[in-house]
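Shared between the two complexes below is chain A, which has chain B as its partner in the first and chain C in the second.
What follows is the complex of A and B.
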């Protein structure tokens, strides 16, 4: 199963793509022979419990899940498995949130926090570790493949993955329609929902792939 | 969805309407604006002989908000400010002879972090109404403040 684990719709302040437009573009990719089973909306600094994509999802046979991308004092983190208990405990809009607290709360409450685009300057996890930031013993996964990286940022992420032995996911970080699916994560088993996504990530049975690797045989 | 916690600025301005003036809409203004944007539809630029009715392109409010002076929110962050985007929500037709009145209000102040570090956004919404008190357009504009790159 192939999922794009990092996308932004117009709910994020810097995206111009609607969820419906993403769904249509996935249809275009499928017609070109690419396999893409779904995507996770990881809107910046927010999580909307009320929005429901199940009708759109079923009508188009695309799994549409919800997560979030949060700003922390150690760069940006993707969060999967967000619950009401978590949003009551964490202020998602706090750009100075303590990253270790976020990771710990997610670990305790059935979610998972994963450093996004760790090779980026200013908002990437690697820079903070290189600067002496300690801790994060429970982190096992980072976003090793990000479709919106600039030259050098992916390489820096790979260096981090090698040095720490992290597992790696992939996501497009799409902010425009045609960017969706450029990087994805291939799971060995099907993912059913947000909670199941957390389980599958914890199990570690996945790997990042680029769109070119998603052609159906 | 966002919070302004930890950002120092004049919160008393939030949601308060500030009149910014009235604007008389003329056919010459509409046609001139439409032509300047490359518009070719006679609905907006009129017929070649200058006759015929016109309506304003929905983006014409852009020329009215340009240069508007807004209250200073006294933001205590950053030393570099720039315009961060605009959207115009069209509500009703704007025609020659209309007199538009506009008010603006501070909608939201929030922070985010990007490749260049922390940024603080101030979002203003300007409401344009015609002489019949009918809202014709809402213009949302964002302004960002950040620190200069070292």
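What follows is the complex of A and C.
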């Protein structure tokens, strides 16, 4: 199963793509022979419990899940498995939240926090670790493949993955329609919902892929 | 880039617009800034020295001019294009005197028969492939006569 684990819709202030447009574009990709089974909306600094994409999802046979991308004092983190208990405990709008607290709360409450684009300057995990930041013993996964990486950022992420032995996910970091699916994560088993996504990530049976590799299936 | 008339029926979802490579000259930026302020004071847009004082590596292209440049990817595509809306996000500084690559891709087409509206993504990248400006545009093409 192929999922794009990092996308932004117009709910994020810097995106220009609606969820409906992403769904139509997935249809275009499928017509071209690409396999893409779904995507996770990881809006910046927010999580909307009320929005429901199940009708759109079922009508188009596309799994649409919700997560978040949060700003921390150690770079951006993708959070999957967000619950009401988590949003009550964490201020998602806090642009300088303590990263270790975020990771710990997620670990305790059935979610998972994963450093996004770790090789990026200023907002990437690798830079903070290189600067002497300690801890993060429970982190096992980072976003090793990001569709919006600038030159050198992917290499920096791979260096981090090799040095720490992390597993790697992939996401497009799409902010415009045609960017969705450019990078994805291939799971060996189907993912059913947000909670199941956390389980499948913790099981570790996945790998990052680029869109070009999605024609293999 | 094509200058021929393009009609609604000619365009498919996923069609590419461009790419077009162009360089924004410093005197073009000066001319653009002068439209609003004749004989403008040195600024980050018109003076490398002023830009460096603000911590920028070089003088940069103004945002409004970038929007105009992004619009041209469509209006230069075909004389039949009627640009209705453009909405961009600035993700990086746009330098003078460097090659910039402009491209678009058609992402939506009204197949209902009620209109000849289309939508597209538009992107401006530097030579290293870094996306400096991204956006979305709505436009119309006439039906084939």
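Observations, loosely collected:
Quick note on the criterion: the second predicted complex is superposed on the first by the 215 of 217 C-alpha atoms of A that agree within 3 Å, B and C clash if a C-alpha of one lies under 4 Å from a C-alpha of the other, contacts with A are read in each partner's own complex, and residues count from 1 in each chain.
Everything that follows uses one rule, which is that a contact is a pair of C-beta atoms (placed from the backbone, for glycine too) under 8 Å apart; a residue touches a chain by one contact, two chains touch by 3 or more.
It should be emphasised that the depicted structure is a prediction, and the values quoted were computed from it without experimental measurement.
With the two structures aligned on chain A, chain B fits next to chain C without clashing. Once the two complexes are overlaid on the shared chain, A:183 sits clear of chain B and of chain C alike.
In the superposed model, A:36 makes contact with neither chain B nor chain C. Of the two partner chains, chain B is the only one touched by A:71; chain C is not.
Put simply, if you stand at the Cα centre of chain A and look at the Cα centres of chain B and chain C, the angle between them is 40 degrees to the nearest 10. Contacts of A:82 after superposition: neither chain B nor chain C is touched. In the superposition on chain A, no contact is made by A:157 with either chain B or chain C. Contacts of A:123 after superposition on the shared chain: chain B is touched, whereas chain C is not. In the superposition on chain A, contact of A:148 is made with chain C only, not with chain B. Once you line the two complexes up on chain A, you'll see the smallest CA to CA distance from chain B to chain C is 5 Å.
Within the complex formed with chain A, the residues of chain B that make contact are 1-3, 5-6, 110-118, 121, 142.
Residues 13, 44-46, 48, 71, 76, 91, 93-96, 120-123 of chain A are the ones that touch chain B when the two sit in their complex. Put simply, chain A touches chain C in their complex at residues 14-17, 21, 24-25, 28, 32, 148, 150-151, 175-179. Listing the residues of chain C that touch chain A in their complex gives 13-14, 87-89, 91, 105, 107-108, 119, 121, 123, 128-131, 134-136.
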